[in-house]
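Structure provided below as structure tokens; questions to follow.
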Amino acid sequence: MANILDDLPPRAALAEIARDFHARGWMAGTAGNLSARADDEHFWITASGKPKGRLDELDFLLVRVKDGEVVERVRPENKPSAETAIHRVLYARFPEARACLHGHIVEAALVAERAKKDATGLRLPAIEMIKGFDIWQQNPKVDLPLFANHLDVAKIAADIDKRFKKSKPAVTALMVRAHGPTVWGASLQDAYNRFEILEYLLRYLAQARARRG
Amino acid sequence: MANILDDLPPRAALAEIARDFHARGWMAGTAGNLSARADDEHFWITASGKPKGRLDELDFLLVRVKDGEVVERVRPENKPSAETAIHRVLYARFPEARACLHGHIVEAALVAERAKKDATGLRLPAIEMIKGFDIWQQNPKVDLPLFANHLDVAKIAADIDKRFKKSKPAVTALMVRAHGPTVWGASLQDAYNRFEILEYLLRYLAQARARRG
Amino acid sequence: MANILDDLPPRAALAEIARDFHARGWMAGTAGNLSARADDEHFWITASGKPKGRLDELDFLLVRVKDGEVVERVRPENKPSAETAIHRVLYARFPEARACLHGHIVEAALVAERAKKDATGLRLPAIEMIKGFDIWQQNPKVDLPLFANHLDVAKIAADIDKRFKKSKPAVTALMVRAHGPTVWGASLQDAYNRFEILEYLLRYLAQARARRG
Amino acid sequence: MANILDDLPPRAALAEIARDFHARGWMAGTAGNLSARADDEHFWITASGKPKGRLDELDFLLVRVKDGEVVERVRPENKPSAETAIHRVLYARFPEARACLHGHIVEAALVAERAKKDATGLRLPAIEMIKGFDIWQQNPKVDLPLFANHLDVAKIAADIDKRFKKSKPAVTALMVRAHGPTVWGASLQDAYNRFEILEYLLRYLAQARARRG
């Protein structure tokens, strides 16, 4: 086993993360999408409609950040994930982001459902685990950015871009209501770690039956 | 590993799904049954009474859709699943169905238990995951067909046939109260994906403590 | 892989079940004990104090049903499980029992805790899964025998013997309050299947927040 | 497989425990830290900031109990866990402790959150499983020591030292609020067993919605 995910080629690491997240129930069916920067201007992203427990390295496409053009695809029939626009916004907005992971978690959807209709953030619990987002305060008041879900993914992406243009979020993560979290990090391993951290925090919230927003 | 389940011979794929579902607690003991079409007129189905975590390719029987006759069995003592009649109804009613998976899920049984006594459907949550059933609407109102359980499986099968003759369900799935979901799909992988999707939706409902029906 | 557990030598099967149950959280630490008949008059049982995820075939002792004498032990320091007396009662009382599995399940302990103080049974839910105990009725009213826990295991064993002498239980299983279920079966595979079934039924009860007794 | 964890070299055993705990969700991201005595005066502890599912034997540092000096490190960039001070206090206070395991468990944090603000202990449930802490009483009244969380780990360590100097805890374990449990044992296997036991007891409490303190 590679010692950490960053020791693997990006597509191999993404396929391994997909198997892992699928086994934990965070990528049911063909849900979710994962990406990693190949270089400053391009990223590898999962092809659309593939069962995430069974990806291989051919199930990724190379996409250009600035215009979404597909620069490389091994299987001609593959299309990039329907949510590629969200990944593009995050890579364009945050140059330090090297990987971006999106899954579906029942507890996350439930916690978001309980938030007020006009809430733009979910207050994360002030527990030790939040240090995993590099927050080193005694009683941190940190909100996970919360966005409305739309059938038109471009609209979600535009909302995210507009909000983050105004102010950088407190955590390298966001939540789309009735949908799921997206987490980014400075490396594949870092994004993977933070996804686990966020899942932990949201599971805590779901069980605590907090009704914040 | 085969890239997707459809790359495997049908019985090998079914045995793999059975191990997978058993490990997740959806086929406790010898519960549940799985099938896949061999051709338009026949399907392979699990033998009755076998522990689902330990099937091999000899634990399946070839059954004729139109009359339920067992056309092939390797182990002479094997009998087809007690619920073969339900699979027959689904294959006869839906020519596009190529695989049919039935398991038992605690959350599914609980959600059904909470539905009104005369409810004929369970309203599924209008969350992103429902797209896994090819439902592309902003706020979909989709019901999972709900049926009463009977000791006499033929009666359940007849109820299903009667209802679906009148109208095709909104999802390729149904739920029998106090029992479990059955999901079908256009291929083995498709049925597997949809089973995961339905489990996710029902787990969401169970935790949301929705009392619809 | 052996096709079913009964194809393995009894101690190998028990070690495999112990790893399986431990991985599912039903044998935390060194909790629980498992046995299988070697012949009509003797059974193999787990040694006391061993971590159940790491047993090998030397971690079992051969015990005589009628008087509890240890007939064979490979590691001289091994002692039979502290709850051997319960296994002896069950093998003596039920000649058809060939294996006997005892674990600890949080949901089982919680459901028992909610029962009335003087309840002698837990009403199992009348769901399809109960057929796994060979109960083929439309709305079965079946009670899982419930016993008080005592520090002195001999007292628990005597209570079980006394109760079952009067009347055979409706299921091949029992529950000791604040402790855990014990399940027996006509073979190792049968006992394993039934343990899974009972766990499913008790998990259903725990989530349904039923307060029967 | 080694028969028990104590048959492995300490760092190999700790890496295996870390993979195991990570897979169960008790070491999300890089959370948690594990140690084992090398001799009376030194212990191996996990390096800071490593993903716990992917440790190898080079990811440990040898630390002196009395002053925290790092005596050996293979990777020069490695720093000992930020919570090394807590391990030092425990090894200094309890000569019989040979291993010390700290993880994060959602249920543990929730149960602690429900305790009264000035509670110094969590009453553990009087169920059979508590025997795993060598408590052999009919209705034991046992408290898990509860400590406040501080950004400054040295302050947590000092609180623990001060309390345990006055009186030895009833169990070889403690809980830091909003953080997680630390468990020690007379060997690596013993500490591992006890961590599982404590998780079971806290999960029971979380589900029982007890509000003790």
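Per-chain residue numbering starts at 1, and chain names A, B, C and D are given in the order in which the chains are listed.
As a convention for this text, a contact is a pair of C-beta atoms (placed from the backbone, for glycine too) under 8 Å apart; a residue touches a chain by one contact, two chains touch by 3 or more.
None of the values given here were measured: they were computed from a predicted structure.
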Would you pick out the chains that touch chain A and also touch chain B? none
Any idea if chain B and chain C meet via the same residues, over half in common, or different ones? different
Approximately how many whole Å separate the CA-defined centres of chain B and chain D? 44
Averaging only over C-alpha atoms, locate the centres of chain A and chain D and give their separation in whole Å. 31
Shared-contact residues (touching 2 or more other chains) in chain B: none
Touching pairs - complete list by chain label: A-B, A-D, B-C, C-D
Applying the document's contact rule, which stretches of chain B touch chain A when the two form their complex? 1-5, 125-129, 132, 136-138, 189, 192-194, 196-197, 199-200, 203-204, 207-208
Touching residues (chain side chain B, partner chain C) in the complex: 25, 28-31, 50-51, 54, 56, 104, 106-107, 109-110, 113, 149-151, 176, 178-180, 206
